[in-house]
Amino acid sequence: MPDFSLTPEQESLRDLARKFARTEMAPHAAECDRASRFPEEIYRKAFDLGLLNLNLPTEYGGSGLGLFDQCLIVEELAYGCGGMTTTVIAHCLALAPILLDGSPEQKERFLKPIGAEYRLAAFALTEPSGGSDPGSMRTLARRDGDGYVLSGEKCFISNAPQASLFVVFANTDPSQRHKGVTAFVVPRSANGVTVGPDDEKMGHRASSTAAIRFDDVRVPASDRLGPEGGGFSLAMRTLDHTRTPIGALATGIAQAALDHAASYSLKRETFGKPISEHQAIQIKLANMAQAVQAARLLTWRAAWLIDRGQKGTLESSIAKCFASDAAFAVADEAIQTFGGYGYMREYPVEKLLRDAKLTQIYEGANEIQRIVIARELLRGYG
Amino acid sequence: MEIVVCVKPVPDAETRLRTAADGSTLDIEAVKFVLTGYDESAVEQALLLKEANPGSKVHVVSAGPPPRTEEVLRASLALGCDLATWVEMPPGVAPDPVSAARALARAVAAVPHELVLCGKNAGDDEAGVVAGALAELLGVPDYSAVLDLRWDAAASRLRFQRSTEAGVEKWEAPLPCVVALQQAWNDPRTAKLPAILKSRRLPIAKVPPEAAIPATGTTRPTKFELPPPRTGAKLIEFKTPEEAAQKLVKVLKEDAKVFP
Amino acid sequence: MTGPTLVVGELHDGALSDATKEAVSVAQSVSGKENVVGFLAGSSPRGPAAGFGRCGVARALVAEDPRLDGVAGAVVAHLVASAADSLGAELVLVGGSTFGRDLIARLGIRWNAAVATGVTSLTRTGASFEVRRPVFGGRATETRQLEGAHAAVALRPHASAAPPDSPGEVALTPVPLDGVPASFWAAKRLSVEVVSRGAGPSLTDASIIVSGGRGVRAAENFRLIDELAASLGGAVGASRAVTDAGWRPESYQVGQTGKQVSPQLYVAVGISGAVQHLMGMISSRVIVAINSDSTAPIFKVADYGIVGDLFQVVPALTQEVKRARGQ
């Protein structure tokens, strides 16, 4: 029989994340959002509590959680602040390719320091020319003696301003298009690495994002992840693992929006009664609740399948796409429920809309997700 | 030092309270049971003492029904307690404070205990009786409303401060004894994720509760009432500010009973 | 059939505390005036024990020993249990204090008593007693039945009035100090430091909060709020208007976007009661509003209201609170 209840262990993990989100993150969310401040002290605390290296195995000093448990935590954190949660999941995203294709020696060398002390990693795939088309990648890695020389530019790289290492995708053979894409681990300290200024973003302003330029950066062959030309497959396998947590992040934002709207509706009075007694508001809340629950269940199912060893491409794309659309719609309705107050920065719901927007875009825009969903779906009919 | 901490699972402070239709019981909606705030301080104090006095052990003990009691014991283990004992009561049984003290005393007496720490009171029944009753059963003195605690090994004395109506009192006392902690000057730590996972696999010793509950000297709740909804302020009429002040203090004292 | 009620006294500034007098009053109403016996332990209890006489108590037991000042509560509990036994008492009553609660806890075992603390009302039900007491931080009130031949009850401070002071004599009987385990005497109280509540409790812990709003008009006027809060032993809060104006830092803000509080008593001074503020304090047990605008929404949610000029009312209130608390 399917079982939708959490184990006591999962409940205690969730409670830890919930407490952290509500006592450490949420009180600073508005301030970090307004000032576009990267609250390093909060991420350090998350590291201390084991809430940063969610997917890093315990042998490297991480929390070693399965995808389902990661999703439980990510939803709770995002309830406190979506932007801060982006810092966490962007870090886990960068660890995933090392975990997937790194040699034992590389894992020891790159991951041990990450588990031992607070350090961030960044995943550098997207380029100015486009994020969803790795075949047209312009960052090149030219063979040079016993290593490579990287040149090119990556953009919208979360954690770039703070990360101590980057997982960089570059083309070792542009004639092969996406089959020439290769992954490298590049330390921030390497000569020729330049991180651009922080991008001014609409939402997720507690996370930081910047462009990275590589000017003839020498990378030893020992820092290449997997074989030459294995990068595209690695990137896709990585995203199969990290798409589902975006669903969880979006669910957390949606739940926060619903909670704000529902509690406001009980206290705000118009025409002599709380607005929760007006059907127009009840219908909104009912629709919002449906979206939140569906988003959570789709996310849980995708994570559960992947934890059981399935690829879960269809399910994770559905979860990410549905939950992020739901988050945007629920945040939108939350603002509408608040009326004029909802549009004011003093109230917390307009931030949720701005934060929800990004979940429809990053880690594979929802248009791409729908293409993937359709392709996977039609496979079953062909 | 052999330290024992007694903890009680109480509904999370955010729990919404509702009474059953006949008012005889409290319906606690979506109950999540947690360590009560004062117990958190007691656990933290125990861990601080352990850290300051190498070779010490912290043994956490709780008496109550499943699953809530096991959960607070595991939470205490995740925070760093070394051993746990559960006086397992049948589901639904909520002992009155003195009965709880009797159950705890049997468990505590069976393990090494030089210092027994309790929270000042639980956030639900707010009795604040367990520490004193437990001390009486163990035949040792107890000190309540304690803010912080230090072991002076040279003098073989505990040194602590108490917050009482008189002010802040400084005390010294020998072991063994029971100490009830006020919301302490310490800042209770948060369990780390790996410790939480590990705590699920640690053993918890179970002991059965005393078979017969004493026929006398028990108490039981018979009714719960919630405050009525607000209906608008009772305005105070006055001619001078002094009169307003006097009337307000009087109603706060006599009607509202919130005057300090 | 019913034995006497023993009221255990406690001293405050060398005299019987108000809490003790309140306990006498409750004892007299449940047992009858002639059935109340006082108890006082200390280095020289005879003088202050005369206070029992002025409350209408004709008989009191005194335990006299220099070591009894600043002794562990356990010692007194043993003396009280012996005294209650020798009197054939059915009820021991004590005021609501740290001392009182500690004593009651011990009697639950030592004297096999059904015990209750923080009690706001005590009534006889047949051969036993029923109490009412707040639980869950004042969010509910329970009625509790005390079963058995003995009951020991600590009252909640200020839940009942002290009896009027009237001339009266009390006959004092000394009680022996034997039977207390030697180890109970070993602790020492080294000092007592009377602390000023200057800094006050933190907003979220405080059982009393006084908050100021736009009506306070200027940062320098906020000391009126500070002084009232200090007199009540409470914490200081503020509305968003105040923190926005920079009169107080953001950490003072009570409201939906600030701290959510639920103290026993919330005094809103010069606060109109915007939804955003109400959402931070609506669950307070008792709300008092002081505002010059009688139409301010704060009066809809407050329990008590003073429509008046806060610059006159608040200083008068601070003085009155100080007077009432003997400061």
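Note that the chains are named A, B and C in the order they appear, and that numbering of residues resets to 1 at the start of each chain.
As a convention for this text, contacts are C-beta pairs under 8 Å (C-beta built on N, C-alpha and C of every residue); 3 or more make two chains touch, one makes a residue touch a chain.
Everything numeric in this text was worked out from a predicted model, so none of it was measured.
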{"item": "A-B against A-C, pair bridged by the larger set of C-beta contacts", "value": "A-B"}
{"item": "Chain ID, smallest distance between chain and overall C-alpha centroids", "value": "B"}
{"item": "Averaged-CA centre spacing for the pair chain C and chain B, given as whole angstrom", "value": "20"}
{"item": "Intercentroid distance (Cα basis), chain B paired with chain A, Å", "value": "41"}
{"item": "For chain A paired with chain C, centre-to-centre distance based on mean C-alpha positions, whole Å", "value": "53"}
{"item": "Multi-chain contact sites of chain B, meaning residues that touch two or more partners", "value": "none"}
{"item": "Residues of chain C touching chain A in the complex", "value": "240, 256-257, 275-276, 278-279, 282"}
{"item": "Chain B residues within the chain C interface of the complex", "value": "11, 13, 17, 19, 26, 97-98, 101-102, 123-133, 135-137, 139-145, 162, 164-174, 177, 183, 214-227, 230, 232-236, 238, 240-242, 244-246, 248-249, 251-254, 256-260"}
{"item": "Contact set on chain C toward chain B in their complex", "value": "12, 17, 70, 72-74, 77, 97-99, 101-106, 108-110, 112-118, 120, 130, 133-137, 139-150, 156, 158-159, 161, 181, 183-184, 186-195, 205, 207-208, 232-234, 264-265, 285-289, 294, 299-309, 312-313, 315-317, 319-321, 324-325"}
{"item": "Of all residues in chain A, those that touch chain B in their complex", "value": "8-9, 12-13, 15-16, 19-20, 48-51, 58, 63"}
{"item": "Interfacial residue positions of chain B with respect to chain A in the complex", "value": "32, 67, 70-71, 74-75, 78, 190-194, 196-197, 199-200"}
